[in-house]
Amino acid sequence: MDKKHLHNLLSAVRSGSVSVAEAVRRLQHLDYEDLGFAKVDHHRALRQGFPEVIFCPGKTTEQIVSIAERLAQNETTVFATRASAEVFAALQAALPRVEYYELPRAVVINRDHSLPGAGRVLVVSAGTADLAVAEEAALTAELMGSRVERLYDVGVAGVHRLLANQAMLQAANVLVVVAGMEGALASVVGGLVDKPVIAVPTSVGYGASFGGLAALLGMLNSCASGVSVVNIDNGFGGGYTAALINRLAAAKEE
Amino acid sequence: MDKKHLHNLLSAVRSGSVSVAEAVRRLQHLDYEDLGFAKVDHHRALRQGFPEVIFCPGKTTEQIVSIAERLAQNETTVFATRASAEVFAALQAALPRVEYYELPRAVVINRDHSLPGAGRVLVVSAGTADLAVAEEAALTAELMGSRVERLYDVGVAGVHRLLANQAMLQAANVLVVVAGMEGALASVVGGLVDKPVIAVPTSVGYGASFGGLAALLGMLNSCASGVSVVNIDNGFGGGYTAALINRLAAAKEE
Amino acid sequence: MDKKHLHNLLSAVRSGSVSVAEAVRRLQHLDYEDLGFAKVDHHRALRQGFPEVIFCPGKTTEQIVSIAERLAQNETTVFATRASAEVFAALQAALPRVEYYELPRAVVINRDHSLPGAGRVLVVSAGTADLAVAEEAALTAELMGSRVERLYDVGVAGVHRLLANQAMLQAANVLVVVAGMEGALASVVGGLVDKPVIAVPTSVGYGASFGGLAALLGMLNSCASGVSVVNIDNGFGGGYTAALINRLAAAKEE
Amino acid sequence: MDKKHLHNLLSAVRSGSVSVAEAVRRLQHLDYEDLGFAKVDHHRALRQGFPEVIFCPGKTTEQIVSIAERLAQNETTVFATRASAEVFAALQAALPRVEYYELPRAVVINRDHSLPGAGRVLVVSAGTADLAVAEEAALTAELMGSRVERLYDVGVAGVHRLLANQAMLQAANVLVVVAGMEGALASVVGGLVDKPVIAVPTSVGYGASFGGLAALLGMLNSCASGVSVVNIDNGFGGGYTAALINRLAAAKEE
Amino acid sequence: MDKKHLHNLLSAVRSGSVSVAEAVRRLQHLDYEDLGFAKVDHHRALRQGFPEVIFCPGKTTEQIVSIAERLAQNETTVFATRASAEVFAALQAALPRVEYYELPRAVVINRDHSLPGAGRVLVVSAGTADLAVAEEAALTAELMGSRVERLYDVGVAGVHRLLANQAMLQAANVLVVVAGMEGALASVVGGLVDKPVIAVPTSVGYGASFGGLAALLGMLNSCASGVSVVNIDNGFGGGYTAALINRLAAAKEE
Amino acid sequence: MDKKHLHNLLSAVRSGSVSVAEAVRRLQHLDYEDLGFAKVDHHRALRQGFPEVIFCPGKTTEQIVSIAERLAQNETTVFATRASAEVFAALQAALPRVEYYELPRAVVINRDHSLPGAGRVLVVSAGTADLAVAEEAALTAELMGSRVERLYDVGVAGVHRLLANQAMLQAANVLVVVAGMEGALASVVGGLVDKPVIAVPTSVGYGASFGGLAALLGMLNSCASGVSVVNIDNGFGGGYTAALINRLAAAKEE
Amino acid sequence: MDKKHLHNLLSAVRSGSVSVAEAVRRLQHLDYEDLGFAKVDHHRALRQGFPEVIFCPGKTTEQIVSIAERLAQNETTVFATRASAEVFAALQAALPRVEYYELPRAVVINRDHSLPGAGRVLVVSAGTADLAVAEEAALTAELMGSRVERLYDVGVAGVHRLLANQAMLQAANVLVVVAGMEGALASVVGGLVDKPVIAVPTSVGYGASFGGLAALLGMLNSCASGVSVVNIDNGFGGGYTAALINRLAAAKEE
Amino acid sequence: MDKKHLHNLLSAVRSGSVSVAEAVRRLQHLDYEDLGFAKVDHHRALRQGFPEVIFCPGKTTEQIVSIAERLAQNETTVFATRASAEVFAALQAALPRVEYYELPRAVVINRDHSLPGAGRVLVVSAGTADLAVAEEAALTAELMGSRVERLYDVGVAGVHRLLANQAMLQAANVLVVVAGMEGALASVVGGLVDKPVIAVPTSVGYGASFGGLAALLGMLNSCASGVSVVNIDNGFGGGYTAALINRLAAAKEE
């Protein structure tokens, strides 16, 4: 449900042509659009503060374009993650204001570049190979209204690189720590700050990393408190959670 | 480092008998007390906003008592998790103001019961067997200054029990969702709120739950955004992270 | 053994040219056709109510065509799952009345489109990426004579989409729930209905979904009763089991 | 919600003192009793055709007794699984008509022994060590109104024992196959019948059975169609699902 | 060490120019040819009754040709498994009497087709997709001098196909059972015969077969005695072990 | 079916009072005794050359005694594995000629100590902690009529202990290699002999041995040919398979 | 082989009564003492520089005492790891000069306390619960002649505790890093020094630590170079390897 | 930081233009170069005795070239592992003195070929398919200044090949053992020498080797002492650790 529909509905409530109970019901549970293969959740922006995001793998290009078209009505920002170049091309052909972010392989439609970021999210990454995931986290948090800073390639094999940037660590409301291999960076950062740390294990590594399992287990068993973990390579989830937390803090700073 | 030592140090800085550089160095990195078998991290309260917590398993009762005695100096609150009744008895014999919380098997020394909780953390649990973990989360958040509400036994096999309590869900700054078996509660709650959800998988279950693995994987793969996960049965970690987040929000509400 | 052979055999029994014992033996255990690389189980249609199905992976196109030719004798319906376009082309060249179902990648030969479906099977899926598996389930149940309804893209991250369709859930004799990621949909559906739920985990997901393992474990540990599970991505098995159950119920409705 | 409350409510609807909409709402979603540590789901009997079952592990004896007392009001049948002798003793002390089933370690309160079982569920087990799980399945199905037959110790290492009982296999509406070790019995039975088979892997075995994992994987990968699987040692789940299916068939037979 | 060298050495022993002790030492431990990247074990034919076999994966085509050339001296039979068409072409270009077996992707050089097979090895397979592995087993046993019979596509979903061929089962000295998915065929065969069964799990399957793990675990946990297991897809190992066993029996029959 | 019954049946065939077809049917498939909780497989001795063996774990003492009593009729040898001292005491009280083998925790009833062992089975073990499993293998093979030799504590960390006993290795018809930890002994032995090697991984070890998984995987991946594997700690299975093989060879030696 | 036997043998060589070849043979491969259940490897002290060590689990107390008696002849130091108090008592009763080390549960017989340690091994541990493993490592290295220093409770959640002790880190020839949970300490230490680091994962932790698997995988995937890993809880192996390395360095310092 | 910069800094300290404290700070923690996507750790050569190594997978060719350019300043040796031919070509175009090592797929820039290797590292490999990993280990150790010898294709299936080369084993200061499949070579070598063994499991194998897991577990559970393990296929890590150890020994030999 976009804002215009919401406005109309509430006006109808005020005028009495729609009862309060009916309006509550429609706003809480019922508003989605049925495309057959998908039920587009227009209500999500109201319910959760951010529109439905299109996770591209497993969907056909046609399905992605259809969903994007519905979501893009009324200039809402649309976010499609793990989009191939082919998907980007198809979206660009179908819609205006489509941007591609190559490193995180993300498409954004109707991005509002004038939005000033609020609060402060810090995305920290262990190695250069973790950048795609880190950038997905950063972009997600930015689209949700967060000011984002980046501190990259500070893996614990050279811990002085991290310690030299303690000021950045201390200044953030929330930190997203992105690391593959053994994922130890989350524990070291978690021990240095008094803010929540969202740890994102990556599949960077080989052999007994088992596709990111080693980093995942390492982060779940972190000896530092205040570290919680999202799925392997889930930069989107890390950025999303961080932005939710940052919103709580950002208001405080104003 | 307790407050008195901190006060003395800063006075020495003001009077010039200790240099600023020296004071910075001591405050940032160096202050711990060496018991041989343990290095008590007195600095943690300053660095992370909560004193070192004693995780009891694997430590002898004598070691636990020694560490608690050092931490309890100057009436700091001391928190020992997964403490057996025997550990409780030994602590009670050695120190005043020792309380035992039976369900989460936790000992608290010098708890300040006059502290009004700030903000709002909601601890949600799926089943009665998850209560020990849920209570560990709730107690942890309370000790860190959070107001905590509890919504227990609302597993998704009877989803009406959850939906009937939506007001509680919406009122919280952050939610801790505790569930074993398939852990689906985290996804359903995550889809209903626009606040961060800390998911705590429990080892409740049998067979293919593999000691909590099923719930852990379920929560990591949650289709709802904004869900991050801590270790299996880690009520402490869930409560700790929630309290960190709630602090950010609590200030805003004042 | 097709019906004509069966008719001839039984006539021979009545006339005394074949003993009862011999007829029993042949009907129960012995009737298959040996192609060397395969023993085509003609008896299955009598024994289990549906002819042998060709699972294509690991078989050469030549083998598939040979088996299909034997099964297609006497206009029996032939069903080949996970068939590539190349396999379809080869079958179409060799046999009449060959249809391809692109989404589930299935070939059906001699489908009887006039068959009215009986009873009611509901196939529910969590996300758009689960459609291929869901459609395999639906097609299988239809070929076995079930009336099938579909309710797609009702994952628990927006549980209102599911709750808005409760009438469909309640009307089914049996439900097939298809979901990847954490697979929580099976538990929520299982808690809402009093009919058997066949859960089909899919490999949709990434990272700690471990190719569908997370959904599989989640479904096996469902806190809802009445949920049983088939292999990852096994839409065929889900539809087959549902159709067997639906047959029992369908007769009752007549 | 017990029957008396239901009767009163419906009378109020008829008299107009409660609206239809209100009644629908209360019957569908809202009726549970809050004990603090548990939300007793009285509505389940209406919604799912069988009252909430008490899974004992992880609950204190006091909690189990409390829940049982609420459920036992108005002579509803109460079923507690995996109950220790101590739990049985406490229930017996608190309530009348409490029976203990030693092999499956189950407690039943207010069992209606006059209930004639309908339809036919066959519980098949591979070895003597699988009996506890098999009996849990049988008891569950009986409590839900099914007629249950048992065929025990017919593992595939002596397949003649199974083949000699084919008549029993063919007579059932639905079969529960209970097996540990490699769990092959499910496939062999599944290939002989045209009815749904609910496979229950057990933890019987050692070494590379990995607590039932081998049997679980074997059953999930069954080459026979129509086999679906529940959790390891989940006799309750197997019997529950079978009874749901049998109900559909039983009506037909009348 | 080929036969000519062996003959010369033994002649030298007889003539006294080489001591018995020296000859023993050289025959037992020391004879291999060093190619730098490989140490060709010429002694293996004497020590183990069959020449070194070339497992192709991970070796360059050049390395394979070099090793084959050394082994092929003096018309010894050379066996290369899992050979690509490219490897076959290179071997054919370099050496005479090179044959390719397409199904098991094996190359044999200098095969003695006049060799009459002794004893009886029966290779049994569950499905058509298992044929490549089954044929590797059969070819291996044949090259080692065994008479081999084949019984294919007798999976337990249609157990009558197996029971109809009991005479073949009983006639063998040793059986190789090749099966993917749940691998139940090994248990059923193992329960019918009183001869050793070598079980070969295959990677045929999908989802929770986890690349053959389900079949492997099933076979290791077989409730039938006398079943031992080799690696997943290891047709060579199954055939090799069977041939060793058959040798013991074959002599007896003469 | 014991011998007397068999004799009577065959006499009836000769006299014509039982048809040949009937006799075939009864001898092949039908003869077992139904105790309710168990179907005692009297036919196994005829079908597989060794009576049914009682695997004790998971059976009650009463069940074990009942089964043993039936099997012990007519002085057949009865073999119960993994029997506790309590089980032994109960068997001793109920039956004559009961012996306990403490190391492998096995009970044998009616053992024929005059039986001379035929052929030669060699049981090799890596360490002292593997002895219980090794002795179970040796006892099993002896009960099945094999002459058994033992070579213990020859793990590869001191490979000279193995090499010094090469004569024993070479003299055996078949070898059972019992090893925990990394299980490397199977590969080294397998490379030294030209006879089949049955590898028995044990759960001896800790940490990353994961209950014998490391040894199991090591043995399955053995670079030596002719090695096949049974379940972890399955000394019985190893000895049984070896005895089957040895029978084939033993006859030849006569 | 103890020193006296060695002396006698070499004297015999010098006098010509034993040939050089014979002496070489006996010294390299053949010298062990056969106790039936064990082959005591007297040669190990010569071959590997340290006598055979008794790993107690899985051995009976009688076996341990027997082995210790043989090894203790001629006042050789005997080392028994993971010894229970009962084993200690039995050894003390049988032999003189028996010491018990309670924390690592180790028994040492004939320890030479006058031995000055050479070189420098540093044992670093993450938490107090890791002490038993750390002390086993330290004791092992000491018995092998190393000077050992200890730096305990310096886990990365308070990295300042580690950094404050950099001088100790830099002074060691080789470091043993003992850590449970996520095992991140190995990576941080490995990044700070230019000496080999032997990482010993411990089973300290819970939930997704899976008995030390998380720490093990973390250490194997360490982003720091120069880190190698031994088995979970294998303090003995860590200390042994460190002592071997330290020997190489120690000689250099003289 | 290269040597020239270091010299200048220390001169400035001597002259007083830079304080001692400042110099300490810069040398210990702060010296790296920030490329945005990477923080090049120039300090590593001083801190750890070898410059940062470029692990290529997951980095773009552009990133690799940029990092190599910074590291190559002042003629430092640059080492890039797992480099594709494309990466090599790009590096060759950008920089002088670039060499490619095809087997281990490594690029070295500015290699000092005049460097005489010191000490002795022996790289032992089990099979021809392990050569790429073995050569990566050998090259790494050579670049770090070690003299390296190679002993290839001495897997335990023909243990005489290994025993025939015992002199090479005994002559090394440290051994790197590279093996796939069951990885037993590490145990056998470890039992023959009194020097540290670095075991490198490889992914050579199939089926239940699970990508090298079998070899990894085998090596971690080695019954030989003095064996430590690095990640699967981590030839670099094995060679690096061996070179660190060899340095300690090499000095001693001078």
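Should a chain be cited, it is by its letter among A, B, C, D, E, F, G and H, assigned in written order, with residues numbered from 1 in that chain.
Basically, contacts are C-beta pairs under 8 Å (C-beta built on N, C-alpha and C of every residue); 3 or more make two chains touch, one makes a residue touch a chain.
From a predicted model like this one, the values you see are computed outputs, not experimental measurements.
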Chain at maximum distance from chain G, centres defined as averaged CA atoms: C
Centre distance in Å when chain D and chain G are each reduced to the mean of their C-alpha atoms: 54
Gap in Å, rounded to a whole number, between the CA centres of chain F and chain E: 26
For chain A paired with chain G, centre-to-centre distance based on mean C-alpha positions, whole Å: 49
In chain F, residues with contacts to at least two other chains: 28, 47, 127, 157-158, 191-192, 207-209, 213, 216, 220-221, 225, 231
Chains that touch, pairwise: A-B, A-C, A-G, A-H, B-C, B-D, B-G, C-D, C-E, D-E, D-F, E-F, E-H, F-G, F-H, G-H
Chain F-facing residues of chain G, complex: 28-32, 36-39, 41, 43-44, 52, 55, 57-59, 63, 67, 201, 203, 211-213, 216, 231-234
Contact set on chain D toward chain F in their complex: 127-131, 152-154, 157-158, 160-161, 163-164, 204, 206-209
Footprint of chain A on chain B - complex, ascending: 28, 47-50, 53, 166, 173-174, 191-196, 198, 216, 220-221, 225-231, 236-238, 240-241, 244-245, 248-249, 251-252
Chain H - residues contacting chain F, complex: 126-127, 155-159, 181-184, 187-188, 190-192, 205, 207-210, 213-215, 217-225
